[in-house]
Amino acid sequence: MNRRLRLAPWLFLAPALVVAVVFHVWPFLNTVVLSFTDASALGGGSFVGGENYVRLAQDPHFWLATRNTVLYVAVVVPLLVLLPLLLAVLVQPQIRGIGFFRSVFYSPVVASMVVVGLIWTWMLASDGIVNQVLEAARIIDAPLPFLTDSTLLLVSCMLVTVWKGLGYYMVVYLAALGNVSSEYHEAAQVDGANAARRFWSVTVPGVRPTMFLVGLLSAIAAMKVFAEVYVMSYGTAGPGGEARTLVYTIREVGLGLGGQIGYASAMSLALFVLTIGFSAGYLRAQRAEAR
Amino acid sequence: MTPSRRRRAMLPALAILGLTLSACGLSGAETPAADTAESDQPAEVTGKITFSTLQLKPTFTEYIEGVIEDFETEHPGTEIEWIDIPFEGAQEKIATDAAAGTLPDVINLNPNFAQPLEAEGLFLDLDQEVPELRDAYVPGAWDAFQVPEQEGSFGFPWYLTSEVTMYNQAMFEDAGLDPETPPATFDELYAAAEQITEKSDGKIWGMHPALENRFLLDLAKEGVPLLSEDGTEWVFNTPEAVAHVERLTAAYQDGVFPPDSLTEDHSKETEAYQAGRVALFPSGPNFLTIVEENAPDIAEVTGVGAQITGASDAANMSVMGLLVPRSTENKATALKFAEFMTNAENQLAFSQIVTIFPSVTEALADPYFTDDSDGTVESQARKLSAEQLENGRNLLPVQYDDRVKAAVIGKVQLAMKGELSAQEALDQAVAEANSITGM
Amino acid sequence: MTAALASRTAGATRPQVLRPDRPKHTRAGLVLRYSLLGLMFVLLVGPFLWQFSTSLKGADESIYTASPIPTNPTIDNYRTVAETIPVFRYIGNSLVVATASAVLNVILGSMAGYALARLPFRGRTLADLTFLATIIIPFEVIMVSVFLTMRSIGLVDTLAGVILPAAASGLSIILMRTAFLGLPRELEEAAKLDGANAWQRYRRIAMPSVKGTLSVVAIFAFVFAGDDFLWPLVILKNPDNYTLTVGIQYLSGTFSANQRVIAAGTMIAVIPLLALFFSMQRWFFRGVGEGGIKG
């Protein structure tokens, strides 16, 4: 019995572990090794010690990319924790036609990134609908360069990330909202709490663990942001590449058949450490709060 | 326009990162040197080979399959398996195949894709294998598949394209320009563009810079030396180049270019032309067909002129090629098939389906390319392009890969925004390009 | 590592009601809710409508006209797609890949998630870290290495090769573990006293209680696999084996790019996903701990 108890967890874990190790962890260990070599796309690959990391520390592109990536996470994560929850609350009740709304709200998730880029560059263009509305409302005098100013471009990309993530995390929240029994809502309603009060005092505490989960998942996704920057800038990361993110830079360095694999691997590892560090800190903070 | 510039891979090649695995021997990748081509193989043309193309399905399925069938009939016992690779993701796929030693026996690449693979010695040297064929091809095309400072030519030139100047005749007329006289030089081009913008009160943009597609080529056409004479260093920060960047900057600041054009690529330029927002559209003649498909109203008023030339008078020509990896297990059949695919008869048939040009001198002399008496824009464009090919060269250095391009274009963008002077931008671009290329 | 993520809430241990939310809807509240739904509809549905409208435009109509509504709607573009590529074959391949991926993620993900949530063992942090790593590592970074592994086990050019790397995503495991942690322990404790082993408790008690999360895991895995482009392209050789996302690339040929046909192709790829979502969405909020009571 005792032996079986010890074996059982591993039997449950084995299939998933095999997949994770063979197709993710092992290949990644290769990347770690490569980061200490001068490997190029097709040749080379001799050991160079920490040279790539020294170069990394002195590379302004890397630091710019790190700054942009951290900024991205800082802006996008709070929005993606809160807004999809509001959306989930909005589509939660089984009212007429709600299935239709839930499905169309999910449609940005399945839309291809090329199409998303097409639409958003069209909307945010100098003569696009966003600028037209802002000008008509006399908020601005001249069109804002959403796509050709590095800072505004980064903001535009964040907007797209949030827009595309709304439906995705809405689904995660919907599953969790099933937990917050309507008893509490009804009790609160009897107490005379209005909708906003009920949201903060009943819904939010009820889905708190899920909010942490969404925070972590969206942070990891934001650390890896690439597609948004790529499609919104037509592959340039803005004028002078100043809106670059880490994964954008990793791809650029490792890009093409002449890519510098060793250096790109070192940069990947830096991203990995940054993400793991963030996740660990995040989870510790959560544990501390849960106590 | 080679397709590579027309459609940019959405997800370029981090994949290639893993390639090193082979270099390090961390995994079981075959080394490029695995040289089965020299060892015991059938010398006669028989057996099965694989053949890959870059995004030719579905439009040319019938044509390619027809040629394959003819070959199989002519050489009984052969079998060609055709794989068409969509352009998006092509780099990753080729890279993984190269790493795993599973490249097809005959592979369709453009010179910039082929370059790093050639430099690794992955392909058969055609100057050694089939030296007698060299003279049959347009010289500029045969030479496009060479590696600087290295012996050998590695590609059978396949189809060619050469830019023409498309323009909106209605907009020319509205601006008081002669709709029958397209600009021929850079001076005329920018003058016409400015006039159109001015006369339309800024409602129409004279042209679109499409930097990623045109910038370096335009420098070459202006006579700016891109590389040092021994080909080891980027040197394009000359006074002529400064003048060119200053002209781009002025045009951008004056609203001759669309405000968002700074980062936009060739596909956005195509879109702007099709939408009737831009008057001039220098691009491959095959884009006439695309304009017709997407915007029939614009196609109706489109005229066509020769490729814009600058101080150097040179015209650019884009080349596609067929290469045979050294790892092939059926060298004889692979070489024979590549030759067959690119011979005069088959290339002529190909160029009659679409506005491309054969790389074989004999086919290029066909009346099909010299007769525009039917008066259509297509045959006019065809004639203009074919004439250009005689003096055409691939002006784009093979070292101009995506990374160098990103560095150079980035600096030019900053200059056009006014954040750098033209001289500063070019100096920084040259420095970054040299550090990337390792020169 | 992620244990605290799923720290239990007071609500989860309380008896559940039949319908999770059945508030009394006032007329004004309903009007407000529909107005907000309408607003979100406008904000979120743009690309979808754009694509749909373009896919219905005829050859004589410019796709750059200001009006989003086609003047002469036609299904010719869809017909062209079907004539150009073996669309049903590709849909079949995609269906195999996406379904297998959904099933595998549900089974492997729930098993691993259950072990992490309920079964005590040493090495938990290592297991946690391993699964978290599968989310963190960008797949493009390791793709070639995975390709070489596939080659050595003979799965190149097979649908199995497409499916396996995403067969047990870290996301599925974390979602499942969160769901299991939210279940009341009492039922399982009772079953344990009755002599039920871990497998029986997982299969008979835990699984039926997390149907909502299972459906979320299934739809995420299905959509991800159905949407993936780069990996299938790299691992598949024979065009007969292509999935739909790869196959529709053939719609934009080198020398022609009919945007209407491409739009029709993307609609063909997206509509089945949305239809599946539509049919499954009512399961989503039968969330944690709820499904076991009554369907």
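Going in written order, the chains are labelled A, B and C, and every chain counts its residues from 1.
Quick note on the criterion: a residue touches a chain if its C-beta (ideal position, glycine included) is under 8 Å from a C-beta of that chain, and two chains touch if they have at least 3 such contacts.
Here the structure is a predicted model, which means the values were calculated and not measured.
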item	value
Which of A-C and A-B has more C-beta contact pairs	A-C
Chain located farthest away, centre of chain C as origin (C-alpha)	B
Length of the line joining the C-alpha centres of chain B and chain C, rounded to whole Å	39
Inter-chain centre distance, chain A versus chain B - centres from mean C-alpha coordinates, in Å	36
Distance from chain C to chain A - Cα centre to Cα centre, in angstrom	17
For chain A, residues contacting two or more additional chains	27, 30-31, 250-251, 265, 268
Set of chain B residues in contact with two or more other chains	11, 14, 16-19, 21-22, 26-27, 95
Set of chain C residues in contact with two or more other chains	138, 140-142, 145-146, 149
Contacting residues of chain C [partner chain A, same complex]	1-2, 4-9, 11-12, 14, 16-17, 19-23, 25, 29-30, 33, 36-37, 40-41, 43-48, 50-51, 107-109, 111-112, 114-116, 119-121, 127, 130-138, 140-142, 145-146, 149, 164-165, 167-168, 170-171, 173-175, 178-179, 181-182, 197-199, 202, 212-213, 215-216, 219-220, 223, 227, 266, 269-270, 273-274, 277-278, 281-282, 284-290
Chain C partner contacts - residues on chain A that touch it in the complex	4-6, 8-10, 12-13, 15-17, 19-28, 30-31, 87, 90-95, 99-112, 115-116, 118-119, 123, 163, 166-167, 171-172, 174-186, 189, 195, 205-206, 208-210, 212-213, 216-217, 220, 223-224, 226, 247, 250-251, 265, 268, 271-272, 275-276, 279-280, 283, 286-287, 290
Complex interface listing, chain B residues touching chain C	3, 6-7, 11, 14-19, 21-22, 26-29, 54-60, 83-89, 92-93, 95-96, 99-100, 102, 271, 274-276, 286, 289-290, 293-298, 354-356
Touching residues on chain C, where the partner in the complex is chain B	59-60, 62-64, 84-85, 138, 140-149, 151-152, 156, 229-230, 233-234, 237-239, 246, 249-259
Residue ranges of chain B touching chain A (in the complex, touch as defined)	8, 10-14, 16-27, 32, 91, 94-95, 98, 113, 115-117, 119-120, 122, 212, 258-260, 262-265, 268, 401-403, 406-407, 409-411, 413-414, 416-417, 419
